[in-house]
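First, the structure itself, so that you have it in front of you.
Think of it as A, B and C in the order they're written, each chain with its own count starting at 1.
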């Protein structure tokens, strides 16, 4: 027990961190898998949610709910706007898409800093959970437990949507075979709009709820984008287990970022590398080839 | 006659559809062998499996006595399996000459050593030296044939080479195929039975992934089972 | 466009006598980044593997050369070899991560690799000096027995010579079979396989060669800038390089250098225009480029045809 004890808190933090990354990465997988767009402004949409949370939060539940509504709304609108901006770019033109979304990320990040300053903003959590909770003899931040519960519920809901609903079925089919959407006669413009708006909503929700964990600041967007990219790479996209694989990858990255740092402070980026190398090397040729458009 | 291509109990399924059901086939060295059958008989699937473009669900494939079942398409091509695709697919940004030279390079000791032969093939097929993207459909098909021959294949797989050709182009193609040296073994999938009967030493009939008959063109023409197989499919 | 090359080379050689030392140092930096952009063009345009990760071997080569410069050798050639071999080794180690990916997946994995390297560079303080950066690398002498490159002009000319030689080698190689094979892989990979070409091996070699070029550029950065920080290898640098390559015409290794020069000049001009608003204007530049460039290319093609 004593040997495990000092690592209980970072391990729990890792779960919270991982669930947060899962919600962000799910949005990335959606835009990437269904619409074929690598959205480099995805982290910026998270940052919008996080800034909204920082501005509106005053320690009450009502403010958190309001922030959630405003933040999700703003990020959804951001995703929809991005879809409109991408409309003139041909579907397979990844380079132009990358340049465009990077430009949006750069300009958007700069606008956020102009509006909210170059400091990391503090975020207040609702007063009732803004205190330590006793957990096996350790004090643990109450909000993080609430966050873990909410994010886990969100993950379950996502899994249910993807595996049980018609829309989810379409998403899964499209991730498996990108040409299929076109064959079904669904308007690709509307698919892109829907996908980017939904992925914006996920990033916004993660931003508002996760603001006390990865707070709003000038480097937020880049950090969130990088970590969720690593999650997407690790999670791969093997058909039906897509949601589960992404979740497992997100939890693993969360543990590397918290428990890994606690165990070996300087090694975290190398651990992420090693994890990517191990997973991609283990996953043989065939599975990866299914990823590629050709 | 030694079998250059041997196929044993080869099977391939797409989901619940059985595209090929335990097919056996022996093709001797230098033989011209045609595969015929109604649409959906599994002819192109068989070519894909022999070329390594698809993996079988069961069975084995030997080329020149070597088990190639587990080899990828590039390894098989280096062993001398060449293919003329149903849809001609050159490398559009390379010139026609470079297309032929690159196609032959791995079997002929590199790009530079292939160039003289590639120049000959270019003029033999009446092709201009422009980028491949500028060619007409008929020229692309000529280029496709030249590319396949540049690799000096031992086994040449032809997937409906006559599809969409004009009368002149068709007679050109017939002449090219007729003049192929006997060092090249040919497996031909074709709907135009005049070409099949003019060229083939033996013919195999497939239907719904099943083997129906194998024999000389005369035997196949005379066979009632073959006629019923076709007639039922047409009806 | 070919007639432009001779006057451009002449102008590049004459530049340090016409410009002040600060501008000369800036030009040297543009040359170095142009060389990295050439490696991006090799992968993105020629081999068809769009990359945002060439900053990673660039950084690996730079820190390796800096370590060498600080602790043992001040000979330029050994530093260049060090940078190139470490860049190549880095690429070889990451080859299994990327070689089966294509298109947008390749873009994503290389971006993750590039970002992880920057993160690692800011944490591994004993080698990289962390976010404070690494300074005090002495100016090298190009070869044993030659004088030390102690002016901005000398360092610029050294960089120009190295970049020129590397570019000539790359262009010559790409004119030969190697270039054919890579363009073949880009155009139609399955057809390459059907002709017996080991596509995976070709792309792996291209990736490692691009890593060596970027690593060599990294050691040149140590010479020209004499200071390294993780910011030299950030995501924005990778995106700038990609924009430069797209402007330069994607498939053209020489065009990549010209494109990078244009992009860097535009960036510096924009940040001087409205101090503190540089990133905003740069973002706008990217967005504008995304809309204008495809149209421009289309119009150019129609004019040519």
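Going forward, a residue touches a chain if its C-beta (ideal position, glycine included) is under 8 Å from a C-beta of that chain, and two chains touch if they have at least 3 such contacts.
Since the structure is predicted, the reported quantities are computational estimates derived from the model, not experimental observations.
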Furthest chain, CA centroid comparison against chain A: B
Centre-most chain [mean C-alpha coordinates]: C
Which of A-C and B-C has more C-beta contact pairs: A-C
Between chain B and chain A, distance of the C-alpha-averaged centres to the nearest whole Å: 49
Chain B and chain C, separation of their C-alpha mean positions in angstrom: 45
Approximate Å spacing (C-alpha centroids) for the pair chain A, chain C: 31
Residues of chain B touching at least two other chains: none
Interface hub residues of chain C, defined as touching at least two other chains: 190
Contact footprint of chain A on chain C as seen in their complex: 44, 50, 52, 94, 96-97, 100-105, 107-109, 111-113, 115-116, 119-120, 123-124, 189-190, 235-236, 239, 242-243, 246, 250, 277, 279-280, 282-291, 293-294
Touching residues on chain B, where the partner in the complex is chain C: 51, 53, 72-75, 77-78, 83, 85, 89-94, 98, 101-107, 110-112, 147, 151
Residues of chain C touching chain B in the complex: 176-177, 180-181, 183-184, 186-188, 190-199
Sites on chain A touched by chain C in the complex: 32, 36-38, 40, 85, 88-90, 92-100, 102-111, 114, 222, 226, 229-230, 232-233, 266, 268-270, 272-273, 276-277, 280-281, 285, 288-289, 291-294
